[in-house]
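For reference, the structures are reproduced in the following blocks.
Shared between the two complexes below is subunit A, which has subunit B as its partner in the first and subunit C in the second.
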Partner chain A sequence: MKEPVEVSRPYSAKLFLQTVIARAYPRVIGAQRERSWMFFDVFLPFLSVSAYVFVYRAIGAPETYIGFVVMGGAMIAFWMNILWGMSSQLYWEKEQGNLALYIMAPNSMMAILLGMALGGMVATTLRALVIILVGSLAFNVQFALVSFWALLGTFLLTMVALYGMGMMFSSIFLMLNREAWHLANLAQEPIFLFSGFYFPIKSLGFWIAAGASIIPLSVGMDAMRQLVFPDGPTFGFLDVRIELAILVILSIGFILGARYLLAAMERLAIREGRLTESRR
Partner chain B sequence: MLGRLRTFRIAAWLGWQIESNWTDPFLFAVYSIVKPVAGAAILVVMYGVITRGDFSSPLFSYIYLGNAFYIYVGAVMAGISWAVIDDREHYKTLKYIYISPVRVPFYLVGRGVARFLTGTISVMITVMAGLLFLNLQLDLGTVNWLMFISALVLGVVMLANLGLLLAGVTLLIAHHFFLIGEAVASALYLFSGAIFPLDVLPDWLRPVGFAIPLTYWLELLRRALVGNVAEAFPTLSNFSNTQLFGILVGLTVGFGLLSTLIFRWCDHQARERGLIDMVTNY
Partner chain C sequence: MPDDHAIQTQALNRIYKIRGGKKNEPKELIALRDVHIEVPRGELFGLLGPNGAGKTTLIKILTTLLAPSSGRALVAGFDVTTQAYEIRPRINMVSGGESSGYGLLTVRENLWMFSQFYGIPSKEANRRIKELLRVVGLDDRMNTKSSELSTGLRQKMNIVRGFMTNPEVLFLDEPTLGLDVGAARDVRGFIQNWVKQQSGHTILLTTHHMIEADELCDRVAIINQGRILACDSPSSLKRMLQREAIFRLRVDSINSAEPNNFEKIGGVRHFTYRPGEGHATLEFILEEEDVLTEVVNQLASHNIHLQSLEKREPSLEDVFIQLVGRSMEEVEREGTS
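Presenting the complex of A and B:
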């Protein structure tokens, strides 16, 4: 059989930027247009947060833990966005027939993934802020912010690493079929557990927490908790500076990984002709 | 009646194939076990950190068992209502089911059986893990098995009714089918006292918990399994087991009638408005 010809894509910074904006646009604007989604995106995590807050109250936990739960509940929105809005997205685009159009268009697939990531990040940040606001008011959470800029920097670095991970996963998930749905579904409770969404990861013990640090939210959230809660540093896993260094390494690794896997996925898809194949 | 049973049986077989044939049996077993065990582990870590590992406390048994049996809520309710989405949006076969000579509610309930089975395995593994590793105060020799099985069966019937109600609503909506099921399950998790005694809720929220059949179902299961430990919590301590069964039967019948009426109305509306073969790609 004749080997397929691999065509390199022309690079243009302007086209790259346009693609990023074009893909981010429906994420940001479309998500705001569907108001009922905003309601559910805030209401559902708030129900879970409330349930865990009442568990802590039932067992007489210190109030700091209530704050941990509220922050964890807000950060879950990002993880869900990574799973369903990033990792599974290319698979869904394939199912709906859009992926072939993305590939045929003379733009970079990295730009499409980046647009998805930026759009998802902005839309999800709005929801996460509302969850924190509502949760803090409902449960009277006390904050003691050490430095706004340190918090903002930590948050942004966490997002870069997290969405880099999402970009990488989207290529992997694309090569799966029905397994993609099940894997995304599976990567919820175990990640909630190992990332310490509802308790400090220090509670898991050093080695488990160290292993869990491969998930950017684990270390990112631990660092942010140390920066915003009065007793935060007491519950911290590592020094904030070390956690920031881990996030930098994860960011670089995941973005390079995303680039490599995307190219590998394209090559494989072209060679095996599976790019637009839909297996039910 | 035989035709309805056949529909139920074939739908259950179909549901099992859809749920399980996407991967090899080992990965499927891992998938079925990891999620609920991880969910339980979150509560175990939360509890262990605060109480410094006092797993022999009655409160731990209360939380752990409530959480374990709550797995059935998601499994049965979502199993039934999700069949509408699967067949309408994904496989695009709901229209063929509707024109075939089957009773749709029996078909949908049958489709929920697969998740009920995987849910049962998850519940058993979660409870066994509690017994083996967490000093869960459950003595299998003192369990009131008759009460346990009666309550379990009654609860599954009640959950199937709620699942049918959700399936009816799902027939009419293009959007939010993920969210409505999840919202109902989360709200029930919060208000039924599944993982904390209802007394912890603010006064003005407690009546919601008392109106939900799940509250009584979980209480009966706990009483059947850990007897006096469960009765020690004040929320429902004034009720005898017979009274709890009476309330649960009453609410199950009430919700059953309501579900039937709502499903019939939604089913009629969906046919009238041409929604049976709707594909939203949403």
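Presenting the complex of A and C:
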């Protein structure tokens, strides 16, 4: 078997940017054309949020928990996007016949992944904002913003780490073919628990919460809750600065991991003939 | 190798390891065996063979999507294994029945997206998209979501995607697959015109439609079971059969066992039987015309009424039969059974 030799691609920054924008386009523009997102991505998550709010109010939990739940409900949209819109995406692109065209084009696959991530992030942010807005108004959530810029920075850093993780997973899922479905399903519910979508991760105990910190949403959301809600710091797991440092490490690790795995996946797929849809 | 060739392969082999052997052990499937082809720049080169012959495998190797097991392949003068990133800006590919792009985007948006992956400035991309859509008769659907297009219109969009980057070498893998007669004719017409207008640009077209290969290609390679069996211009290939006589006979319906007798007649090189409504068509490739007398006698002895008899010119189908011993239809049927 002749091993494909790694040759540096003659990319230009312009082509990289063009590719990122072009691949983000279907997600930012195209995804808004499917009006069903209002029902599936906003209304259904809002029902889960409502259920937790009613339980917390019934048992007399601190009012800060209501805000935690609303934020968690909004952030779940990002996790769903990572699982179904990022991790499984390269597999679907392959089955649709797009992956071969992406690889055959003189662009960078990292640019394709970045475009997918940015597009997904923008489209999902819109859904998350609607959940926050509706949840805050419906349940009268109280905010005590420490600093808008600190919040924005923490959110963006969380997104970089989270979508870096999604980019890394997409290469792994591609090599797993149809098993990716099962893996995505398997990753859904446990992450709901360990990310503390509906409660502070501090409640999990130190070691479990520390283990859960490998998921960018766990630490990112914990930091954001500390920056936004009046009693946030009381329920925080670690100091915000430590959590930001963890997010930086995760971002670097996941993005480098994504780059390495993508190159490895491309080599393996070219060797084994796995780049084209199953029927061809 | 001289660089006046768009495509060159030397002793190219590809072996797939697939599961399904004894005790589910991996077994080897030879998709390409010792393939040598040379395609000069500016040629419309056809690869003709049944499904599973190795056409798509060869295209995948030439488009840098699959590594050869051994041998060498050059596209636009660059090695597919070591210089893939030099080849990619120079090529494009369109496959039949592909569903690339995104259904939520319009035709124009999908094409624009793919143009960006090749670094074409947006303004220029939009100009080319508009012009090519007009040429293929899809300009009135420019703002239609691609999910709303019929198979034929979708394939026209794919054709525009492939030609839009003005590639030095374009790979068309069964581009008319699944299209109705009208749409297939349009696509063939477009391909033919493009090659005429773009001097020095090369097309490698795979097909299992004889007429398509005959009508479009400057030269055709006939491939079966991963081997190139012959390679020449369609007319030269057909001249291989000049000594043979080819007859098509239409007869009353016959007993399905009877065709076996015709194979046994001395001088019958190949015989095909196609049952129809109230009749049957028999096609004979005979070593010489005189053998027809014996064929007609055999029909008479079996009380088979001859409705019509036609002598016809050899086609690429006949060339395939001559080389493989069976028709392409028979080979495909065996492959699926």
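Assume the second predicted complex is superposed on the first by the 267 of 280 C-alpha atoms of A that agree within 3 Å, B and C clash if a C-alpha of one lies under 4 Å from a C-alpha of the other, contacts with A are read in each partner's own complex, and residues count from 1 in each chain.
Everything that follows uses one rule, which is that a residue touches a chain if its C-beta (ideal position, glycine included) is under 8 Å from a C-beta of that chain, and two chains touch if they have at least 3 such contacts.
Remember, predicted model here, so these are calculated numbers, not experimental data.
*Asks:* Specify the outcome, clash or fit, for subunit B and subunit C once both structures are aligned onto subunit A.
*Replies:* Partners fit side by side after overlay.
*Asks:* Just subunit B (first), just subunit C (second), both, or neither: which does A:A58 touch?
*Replies:* first
*Asks:* In the superposed arrangement, does A:R271 touch subunit B (first), subunit C (second), both or neither?
*Replies:* The answer is second: A:R271 touches subunit C but not subunit B.
*Asks:* In the overlay, answer first, second, both or neither for which of subunit B and subunit C A:P106 touches.
*Replies:* A:P106 contacts subunit C only, not subunit B.
*Asks:* Between subunit B (first) and subunit C (second), which does A:L47 come into contact with in this model arrangement: first, second, both, or neither?
*Replies:* In the superposition, A:L47 touches subunit B alone.
*Asks:* Quick check for you: in the superposed arrangement, does A:S203 touch first (subunit B), second (subunit C), both or neither?
*Replies:* A:S203 sits against subunit B, while subunit C stays out of touch.
*Asks:* To make sure I follow: the centres are taken over C-alpha atoms, the vertex is subunit A, the ends are subunit B and subunit C. What is that angle to the nearest 10 degrees?
*Replies:* With subunit A as the vertex, subunit B and subunit C sit 90 degrees apart.
*Asks:* Return first, second, both or neither, reflecting whether A:E34 touches subunit B, subunit C, both chains, or no partner chain.
*Replies:* Both: A:E34 reaches subunit B and subunit C.
*Asks:* Which of the two partners, first being subunit B and second being subunit C, lies in contact with A:T19: first, second, both, or neither?
*Replies:* second
*Asks:* Tell me which partner A:N98 touches in the superposition: subunit B (first), subunit C (second), both or neither.
*Replies:* A:N98 contacts subunit C only, not subunit B.
*Asks:* Can you give the closest approach of subunit B to subunit C, taken over C-alpha atoms and in whole Å, for the superposition?
*Replies:* In the combined three-chain model, subunit B comes within 7 Å of subunit C at the C-alpha level.
*Asks:* State which residues of subunit A lie in both footprints, the one left by subunit B and the one left by subunit C.
*Replies:* 34, 96, 280
*Asks:* Spell out the part of subunit C that touches subunit A in their complex, as residue ranges.
*Replies:* 16, 56-57, 60, 63-70, 81-86, 88-89, 91-93, 95, 98-102, 104-105, 109, 112-114, 116-119, 145
*Asks:* Note which residues of subunit B are touching subunit A in the complex, please.
*Replies:* So the residues of subunit B touching subunit A come out as 22-23, 31, 34-36, 38-39, 41-43, 45-51, 59, 63, 90-91, 175-176, 179, 182-183, 186-187, 189-190, 195-197, 200-201, 281.
*Asks:* Hey, which residues of subunit A end up touching subunit C in the complex?
*Replies:* 1-5, 7-10, 12, 14-15, 18-19, 21-23, 25-26, 29-31, 33-34, 96-98, 100-107, 112, 270-271, 273, 275-276, 280
*Asks:* Touching residues of subunit A toward subunit B in the complex: what are they?
*Replies:* 34, 36-37, 40, 43-44, 47-48, 50-52, 54-61, 65, 96, 178-179, 182, 185-186, 188-190, 192-193, 197-200, 203-204, 280
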